[in-house]
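Okay, got some structures for you below.
Each of the next two complexes has chain A plus one more chain, namely chain B in the first and chain C in the second.
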Partner chain A sequence: MHKPLLQVEDLRVEFHTDDGVVRAVDGVSFNVAAGETLGIAGESGSGKSVTNLAILGLLPRPPARIVGGRAMFDGRDLLTLSQPELRRIRGRRVAMIFQDPMTSLNPLLTVAEQLTEMTRLHLGHTPRQALDHAVTMLEKVGIPAAGRRVHDYPHQFSGGMRQRVMIAMALSCKPDLLIADEPTTALDVTIQAQILELIRDLQRDEGTAVVLITHDLGVMANLCRRVAVMYAGRIVEESSVDELYSRPHHPYTLGLLRSRPRLSGGDGRLRPIDGQPPDLSRLPSGCAFHPRCPFVVDRCRVERPALLPTPFEGRAACFVSKEVAAAAEVELD
Partner chain B sequence: MIAYLLRRALWTLSVLWVVFTLSFLLMNAVPGRPFGGDRGMDPEIEKIFRARYHLDEPIYVRYGYLLTDYLRGDFGISKTLRDFSINEIIAQGLPVSATLGLLALLFALTFGIIAGIASAVRRGGLVDHSLMAVATVGIALPEFVVAGLAIIMFVFILPWFPSAGWGSLRHLVLPVVCLGLPYAAYIARLTRSGMLDVLSQDYIRTARAKGLAPSTILTRHALKGSLLPVLSYIGPATAGILTGSLVEEKIFAIPGLGIHLVESVFQRDLTLAMALTMLYTVILCLMNFIVDVLYKVVDPRIKLDA
Partner chain C sequence: MIKASDAPLLEVRDLKVHFPFRRGSLFRPEHGFIRAVDGVSFSLREGETLGLVGESGCGKSTTARAVLNLIPPTFGEVCLEGEPIAGLSDTAMLPHRQTMQMIFQDPFASLNPRMTVGRIVGEPLKIFRPGMDREGRAVEVMRLLDMVGLNPRFLNRYPHEFSGGQRQRIGIARALAVGPKLIFCDEPVSALDVSIQAQIVNLLEDLQTQLKLAYVFIAHDLSLVRHISDMVGVMYLGRIVEIAPADELYRNPRHPYTKALLSAVPVADPQIERTRQRIVLTGDVPSPDRVYPGCPFADRCPQVRDECRKSPPKLEGIAGTADVHQAACFFARD
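The block that comes next holds the complex of A and B.
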């Protein structure tokens, strides 16, 4: 197996707020190989964004504090790099796109200004080269009349088109890794599929590795080979997509799968997970999921399960993962 | 854009017309004889005024005559300053007042914006706290108190500047600073909150994720947006500086228009008062017009036909 492109080990991030210390990311580890697509799923508030913002040093400090871990990229720990060193990686080697394309582009600058400043900085383009490249990128992401539209402002584009602009911008320096943080959550359902398809096609053509963050497991199935599921700042399960969908080993994953709309099978009802995600500054004892877990046993209330390998090449953090997998197999079949 | 400018110009003209009409009606509603003073008028002068302002005609005819005069740029004559036409008075005083006002505005913008940005960038630090403390005091103190303190400080205790008069750069410093200070303070607060607001926007995070340097982010991505509130404030600031200059001109004995406006009101010199009122209105409208156009140049989201 290749050496991973990005290797996150035991990442811990806290927020020091007036209400106390919020453990937003609590010992997260994952790898991304070159050219691979990793999915990160979980309800909102589970720490997906904070994990990835921490890796690129984009969290507001204070209140955020990275209290532990490493993020090895190309032999260097991103968490210990100086700001100037980090700036040579951001955008150039690791690019990011965000949830809301309405607010993620600067409303007072044209698309051309926002695209060209990046390649001029990282690739040393002349203004002419940068503009040509910007048009090429816009064409690549399917923006019609790109040569003309490049001079428009963000508000002159629809939501879906803006996200295409974001993608064009993110990929304009041919990064090794693209982190896409819920890139379709703010878009219409019909547009969502188009954007995901675009990311998949570009990923295939350019060989870019992708971390795709989403709270929707359905979105993952087509794009990722491996998926990590986060709950309350920890990865509770990680495995291949096929495995995860047919035989989840963590009750939270099973809950997410149940709550997903499906076209066929089952009784057609959506079954949301009972209860609310926990307050991260007052986590329950033991397994953070135990108050909502239908499989709960006494041990779950006092001891926190470690993320351990399952018999099927995945990892799960659950004392009763075998029972969960067995129940899931029957139910999801 | 052309259509917008035309529409906006038309609007400005109607505002001016309304102000003119109201001033004219008020002037005629002032108790006593038309254009008369407390002690009555010298019959000689009264004859000149009768002829010049057609005082024997009905009001709507006089209105027509005066409007025509103003449109031609002829502001008529004053009963208190008989050696000059009002146009000559304006020609003497306007450059002085305009210099004072524009320098005060420039001072307010420069210092306000720089202080606001410094505060925002060092938010919560010593620079921020001290600048904002000064700004709060600057906003709260009335002009004459600031001017009084400044004179005590920089004329008597430290004899750096002359206490009054006009003509040299050293004469300019105190009145310009005293006139501009409250506006500098307010602009500093506006810039600071505008900058903090912009810096918390998603698109600033995008800019950081692109690997841009903090200085690039500040100048290219944040500055424009954070100055939009300041831009809208230039209109009201101009109005404030116009009235403030009345006080400062009096305190520092500056031979501008402010003193004439104040005196014309006290002396019931209605023709002069009306002319100066219209002049100040024109200046204010012009400033608002410029600001509006600038706003649309800076912020592309604002529709020109709105």
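The block that comes next holds the complex of A and C.
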């Protein structure tokens, strides 16, 4: 395996709220190698977005507090850097795209102004160079008549085009790592297919590593080689994409996979995961998933399972992961 | 003469909703119409589900609102249990609201935060069962809550005390309160977490069996629509471009737009994803403020030919399907 580009170790983030302390991220560790795509899946409140905002120094503190862990990027711990130091890395070496391109673009500035700011700041471009570069980037992400449209405002673009502008902006300094948080969730499927293809092409051509955060297991299967599943602030399973979808070792992963109807049809009654996602300020004892888990044993109620290697080069945090995997092989056939 | 039981519960013919707009400067105004719904026809029987799919702006939600008379239709006929209802006044519409109800995408926005669950679900009863006293209403509300899988003791709680999935159950209980035969479900699960979506879908299916409900199920999630629907209509720019029984449509799509839409859905299976042939459409959904002389899909269609730009194709039955499978494409047979 390549030397990791980003190495997150035991990250812990808390929020201080009126309801008490909420542990949004509770000991998360993962690596991303250069040029690799890691998918992080989970539902709202699972901590997948907070993890990445924490790494990028974008969490408002307070109410958030990073209470532990490291995020090593190129030999430096991102969690200990000052804001000016982080600003030199963000945008230049690590870039982000978010779910809603309208709220991430400044409506008062033209696309040209927003795209050129980055390269002038980070790459020392002259205004002329920066504008040429901006047009090149817009062409690369497939915006027609880029030379003219670069002077338009965000509201003059459609949703899919705005997301392309975001991607052009994120990639304009050729970052080593792109963090994409639900990049296609707000888009229609035909536009989603275009954006996913665009991310894949850019990754192949530029060798950018990607962390894709999504709740959509289909999008993840399409784009990622390695995937992690989060639940209640922890990674509960991590493995290669093929393993995860054919032989999950955590009951939550299995539950997610079998609760969705298939495009190919032929499903009988759907099999939901029982109960509700947990309230992070009142987490269940033991394994946070145990009240919803069909495989639960007594031990799950009192002891929290550690994330341990599976026989198939993955990791899972479950006492009965062998039984789960065996059941999954039968059911997901 | 048609026997009452043979008549469809809902029949929609050539429904159009055009919104006038004015743009340009004060001195050189430009007038026109947004053709949000532009000639939609379908019918629905008791206990049946029609799925409507399509991308944002294709007119699926406006179709629902126009059938319900929440937006007055510009043109076309809507018959509910054989009675024409298009364009009726609010008062004249009132009795029909007992037959047709709606549940919404956003369970946060569609419940009044200042009302208890008891009042939210009980409100329709006040209007439609004026003879019912307070106690009778409370009993009925508890029965409804139980029916949608909520603890009847939650009667006096407020919406914020519930999770998204539970709130959607409250919305369903409210729709059921008047004893409808038809419910329009507009993206009823898309705001919910994946693990909760299946719970709500199962509930809708159980209620359908129990109460013989018909649904018009509007969603952009094509897997889900296949699962829940008997018939599926694909909409593009305010029109149904293809309609067929669900399995037939997914197995044997005829319209190039349906083909592209189905091929664009990511599937939760990495092995299939790697080998799948994907039809990636170029461009965005075009604007409904233009009048298209030909097929509205022509600009994005990978199989476009000259005749497509000259006259619009009609929604016509595919040979050999006894007209249950219809597509609006000159080359749907190829």
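Convention: the second predicted complex is superposed on the first by the 325 of 333 C-alpha atoms of A that agree within 3 Å, B and C clash if a C-alpha of one lies under 4 Å from a C-alpha of the other, contacts with A are read in each partner's own complex, and residues count from 1 in each chain.
Heads up, the rule we're going with is that a residue touches a chain if its C-beta (ideal position, glycine included) is under 8 Å from a C-beta of that chain, and two chains touch if they have at least 3 such contacts.
These numbers were taken from a predicted model, which means no experiment stands behind them.
Of the two partner chains placed around the shared chain by superposition, chain B is the only one that A:109 touches, whereas chain C remains out of contact.
Residue contacts after overlaying the shared chain place A:285 against neither chain B nor chain C. Residue contacts after overlaying the shared chain place A:217 against chain C, while chain B stays out of touching range. In the superposed model, A:44 lies in contact with chain C only, and not with chain B.
Of the two partner chains, neither chain B nor chain C is touched by A:80. By the touch criterion stated above, A:197 is placed in contact with chain C alone, chain B being left untouched.
Ranking chain B and chain C by residues of chain A touched puts C first. Once chain A of one complex is fitted onto chain A of the other, the partner contacts of A:126 are absent, as it touches neither chain B nor chain C.
Contacts from chain A toward chain C in the complex involve residues 43-44, 158-161, 188-194, 196-197, 215-222, 241-242, 245-246, 255-257, 259-265, 267, 269-274, 276-277, 292.
Across the complex, chain B is touched by residues 56, 58, 87-92, 95-96, 98, 100, 103-109, 117-118, 121-122, 153, 155, 166, 169 of chain A. Considering their complex, residues 55-56, 163, 165-166, 193-199, 201-202, 205, 220, 222-224, 226-227, 246-247, 250, 260-273, 278, 280-282, 284-285 of chain C touch chain A. Chain B makes touch with chain A in their complex at residues 201-203, 205-213, 216, 220-221, 224-225, 298-301.
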